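One chain, subunit A, links the two complexes that follow: it is found with subunit B in the first and with subunit C in the second.
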Partner chain A sequence: MLSRLLGPQRRYLWFWVFTGPFVIGLAVFAYIPLLWSIGLSFFDAHNTVTPTHFVGFANYGSMLSDTAFTSSLATFAVFSLFIVPATYALSLALALMVNRLRFARAFFRSVFFLPTACSYVVASMIWKLSVFNGVRFGLANTVLGWFGADPAAWLSTTRPPWYWVVIVTVRLWLQAGFYLVLFLAGLQRIPGTLYEAAAVDGARPGWQVFRHITFPQLRATSVAVLLLLVINAFQAFDEFYNLLSTARGYPPYARPPLVYLYYVALGQGQDLGLGSAGAVILALIIAVVTVVQARWFGLGRKEA
Partner chain B sequence: MDTGLRGLARALRLVILVALAVLFLVPFYLLVRNGLATESDITAPNWTFFPRHLQWGNLRELFDDPSVPMLHALWNSAQIAVATTAGTLLLASLAGYGLARIPYPWADQVFYGILGTLMIPSAVTFVPSFVLVSSLGWVSTLRGLIVPTLFSAFAAFLFRQYFLGFPQELEDAARVDGLGYWRTYWRIVVPNSAPVFAAVGTIVFIGSWNSFLWPLVIGQDQQSWTVQVALSTFTTGQTVNLHELFVAAAVSILPLLVVFVVLQRFIVAGVERSGIDD
Partner chain C sequence: MSEPQHSTLPMLSRRRLLGLSGGLALTGALAAACGSNTGRGGGSSGGGGPALSQWYHQYGEAGTEQAVQRYAAAYRQARVTVQWRPGDYDQQTAAALLTDAGPDVFEVNGPSIDQIQGGQVADLTEQIKNARADFNPAVLAPKTYQGRVYGIPQVIDMQLLYYRRSLLDRAGVRPPQTLDELVDAARRLTTKDTKGLFLGNDGGAGVLGQGGLPLFAAGLQLVTDDGRTGFDDPAAAQTLGKLHTLYASGSLLLGAPADWSDPSAFTQGLTAMQWSGLWALPQISKALGDDFGVLPFPRDGSAGRPAVPVGAYASSVSARGKHIDAAKAYAKWLWVDRTEYQGDFALSYGFHIPARISLAKKAAKLRSGPAADAVRFSTDHGHALPLLWTPKSQVALEDAVSRIIKDGADPAAQVKAAVATANAELQRVRRKTG
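This part shows the complex of A and B:
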């Protein structure tokens, strides 16, 4: 019996010696919280993690009928409409340009990749207090002043919603280099013979080659990049929190889902039941979006 | 025929790249500029690109000012990042090796169980994880900041993929010499896998040093603030001397940039390997 459990040459034992600590830890710190939280979402859990008052789907009902929650989803939608195409276009354009360089390729890649090492907190700080600080000594308003324009109150006005410029540019700066590296790797994998064949067929370098060779060959990379961009946008928290929150609290606009969830679950109410219901709803939305997007782009379909 | 045109296109491309590179570097410059400027140079209505005075004393001021708990926060971050990196490398590499190399009938199921946690976006689990950590009594402790982050499915996945491609002959030679799995791993596999350890290690270290949401949720009293939480408190809350805030941020980021530049080729290799080749 024991020897069957241990396996031939005790291989099963060794398997668990190697993977056991990791698997147990993952179970404790990933699966248990998840299940516990699903449980909590059916209880009235103010300030407690061992509630007794079962409320059924009431938390889900109040979450879904809360306009603050639904408007946080709208905020995410607007945010991803800006940030996903912008990052995609910029990182692809940078990759195409860097890839065609004959010298200093590593240098330019390093420069664009460098912001990846910067934290969202520090970047938000630079954007909020130095570039877009809404007073005349800010860099953006100084530049506007050169053209005779009036200073803009970047983060503290909703009409017009200039805060989107700040939010989108900070993430663009931080993440473009990461996707540039992914695109560069994709470009390197395109066989050179395809370009030679295209040249023989009379395709003109530039747009035609990009349209018929490069872009289709980058399909797998593009799908992965778009998926990552949407999932990451959905989880945005750091830059929103650090750019918009002030000593007077968080303004009533530009609250993405995680910021909303943060204040529900850990703000004054500490309503962990409601917060857990929100987390479950968000996890389901992410799962659905991921699957739909993967289907739409035909993930797993073989390359032509 | 159109070599002149192509030369022009090449020159234009270079000009655009240089302009964008400068633009990408400006925020780093602003960080250092404001960190070494006088308060009036930061807030002067006639803002200038170069500060009028360089004030190296800002650095000393940061470390002497007891009202700004920046040194303690830096120390917390360093402990957390080192412990998280070491722990993750150990746990994830062992798991990755077991999954890649030790035959076990349920190995696939275990692997999918690990991959499944990648599907749960980590940021959505902060509420449930907070629930668990607070019931363990770990709020505002370094333990609470480190232990839950040690089990990275992503790192285990990278190690497994790497070990699948590890030359089997090297291990077979060790096996012939009578080494078991354990000693083969430590004497043959680990010493020959420096690049993957460097790649995963730097990615984990930078991620840990820069992470914000989890330390914000767990580090509720000032003693347990990480440097990101401390910087954020002064960015979003009460005003502080701007030059002190910027010099603190510069101190928090410069060591990381050095590590990043030195180890960049490993990071790039790690990013490239991180799943696109499915």
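This part shows the complex of A and C:
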């Protein structure tokens, strides 16, 4: 009996010895809290994780009728519509350039990759305190000063919304290098024979080769990059919070859903039911967008 | 209302937020295994008896941590372990109170109405009974719910307007007594290199929005005595509209490297007037000598009164602790009986007003000059955040004020939206009362 349970060569035992800790970790740190949170979203759970007052979909109703929450959803939709193509184009362009280098390729690859190792919090602080601070000796304002322009209060001006410049540049700087490395790997997988064949067929180097050889060959990489970018954009929190929050709260502009939930429900005011409802709505949106996108790009289909 | 950490900005990453929210369930599950000693933080211990853990947020001033450990070590009826907790203290305690692993005695920028209604903090009415009249009523009121006290105020923090005497004299400007005079003064004090006024890098939306200070200055209230919204009034829109004038005039300093809670912008001459905390007074006094004065936020309109925000961290007892009676006794010993420690805690390290009126009157450092003015403002014009003013209402009002100031949004419509949210929140907390 025991030997049957253990399996031939005790394989079952070893299977659980190796996978068990990770399964337990995943269950305890991911699945149980996730399911618990979904459960909480149907209760009036102020300052408790074991609520008793069932309220049905009331939390969802009040979250969806909360204009601050819906406008935060719009904020991150706009943000991802902008940041996803921008990062994609920038990292692809950088990858093409680095790939053409004859020497010092490893050096430039590392230089562009380095920001990825920097924490979002640290980068936000540098952007906020030295690059884009609002006084005349900030880096950006010094540059403006050379051209005779007045200093701008980058993070406090809503008309025009200069704060987007700060938010977008910090994220581009932080993540372009990572996707550059993914694209480089993709570029190096394209067989040289394809380019030779194209040259024989009379394709002009440059745009024509890129359009008909390089870009289609990068499809698998592109799909992966886009998926990762979209999910990252939806989860935006770190740089927004650290750039725009003050000791007194967060301004009503450029406020992504996670930041809003943090302030109204999941931080000091522990309205865990409402917060969980907001989190579930957000998770559903991410899931739907990801699935639609994956279908659109045909992720998982066999490459022809 | 009080400003916990003057030197550090709140820092938080998404990972930690998700950890906080998602991990709550987990904390509950693990709590049983952990007991009250989480093994974090080194503390001191005093006499015999039960083991208590006491939490403080990280004070920026040197010596505070050693002082609270000294107090704890002097207690004989229990072994008290002090935990000094950096980071988002309010969020940490809020999460820890859901578990058995939380502190027994803890300081709190509250406790909040939901913590009280949820039965998370113990009733301390008996402990404070003998000295209740001696505590500053403005800061004791938000710790009191239906006549019962749930937190013993430790020290009072307040905010006020600092102005540079020499710059005002040079421009021929009198210290502003009304909001209109403040707008005018800020404009006239603005030069090529110096702005007139610094209300924070958000143009004042935070400091003026969350606490509703301009509403108090207009003679209104956030929450009335019978628990209803107190600023559903045309005067609210009128006063808040003037803040946009201030912002649009170009006389506000924006985007300074250090925010309003730090006096650097004022001492470095980037601005002629700055809104900051009482905690900044020693630093300003050291940098500028006598060349500065202090003012409350000026009144506005015919019913207006000057106003300053006050707030106090309170010492509360967790209702889930194993030794609630011992914890209550310790809280009483430290924050009611031992007045010498309370005086030492308020003024030997940082610069706060003792929560006890008798101690505030005795303190030598608070007897003259701007410090004495500040104490007077806090007694005469002090407004604390009402207990029923929940985080959701705070966010709503702050959003409204920010949109009015920065976007020039219609003040009446914005006030109306904030009133609607506040009404719903007040209705929610009142319903639980019944």
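FYI, the second predicted complex is superposed on the first by the 298 of 304 C-alpha atoms of A that agree within 3 Å, B and C clash if a C-alpha of one lies under 4 Å from a C-alpha of the other, contacts with A are read in each partner's own complex, and residues count from 1 in each chain.
In this section, a residue touches a chain if its C-beta (ideal position, glycine included) is under 8 Å from a C-beta of that chain, and two chains touch if they have at least 3 such contacts.
Note that this is a predicted model, so its numbers are computed, not measured.
In the superposed model, A:Asp238 lies in contact with both subunit B and subunit C. Of the two partner chains placed by superposition, subunit B and subunit C are both touched by A:Val49. In the superposition on chain A, no contact is made by A:Ala77 with either subunit B or subunit C.
Of the two partner chains placed by superposition, A:Ala149 touches none, neither subunit B nor subunit C.
Of the two partner chains placed by superposition, only subunit B is touched by A:Val131; subunit C is not.
By the touch criterion defined above, A:Gly269 lies against subunit C but remains apart from subunit B after alignment on the C-alpha atoms of chain A. More residues of subunit A lie in touch with B than with the remaining chain of the pair subunit B and subunit C. Contact with subunit C, but none with subunit B, is seen for A:Pro252 once the two complexes are overlaid on the shared chain. Of the two partner chains placed by the overlay, neither subunit B nor subunit C lies in contact with A:Val291. Within the superposed three-chain model, A:Ala220 lies in touch with subunit B and out of touch with subunit C [touch as defined at top]. Once the two complexes are overlaid on chain A, the subunit A residues touched by subunit B in the first and by subunit C in the second are 28-30, 32-34, 36-37, 49-50, 119-121, 125, 129-130, 136, 138, 235, 237-238, 241-242, 245-247, 258, 261-262, 265-266, 272, 275-276, 279. Put simply, subunit A touches subunit B in their complex at residues 7, 11-12, 14-19, 21-23, 25-26, 28-34, 36-37, 40, 49-50, 94, 97-98, 100-101, 108-131, 136-139, 142, 173, 177-178, 181-182, 185-186, 205, 220-221, 224, 231, 234-235, 237-238, 241-242, 245-247, 258, 261-262, 265-266, 272, 275-276, 278-279, 282-283, 286-287, 290.
Contact residues on subunit A toward subunit C in their complex (touch as defined above): 28-30, 32-34, 36-37, 46-50, 67-68, 119-121, 125, 129-130, 132-136, 138, 151-159, 235-238, 241-242, 245-249, 251-253, 258, 260-272, 275-276, 279.
Those residues of subunit B that touch subunit A in the complex are listed here as 6, 10, 13-14, 16-17, 20-21, 24-25, 27-28, 30-31, 34, 42-45, 47, 91-92, 94-95, 97-99, 102-104, 107, 110, 113-114, 117, 119-132, 134-135, 147-148, 150-151, 153, 156, 180-182, 185, 206, 209-210, 212-213, 216-217, 228, 231-232, 235-239, 242, 245-246, 249, 252-253, 256-257, 260-261, 264, 268, 271-272, 275-276, 278. By the touch criterion given at the top, residues 3, 5, 9-14, 17, 20-26, 28-29, 88, 90-91, 94-95, 97-98, 109-110, 112, 114-115, 117-118, 120, 193, 200-203, 205-207, 209-210, 253-257, 259, 261, 270, 390-392, 394-396, 398-399, 402-403, 406-407, 417 of subunit C touch subunit A in their complex.
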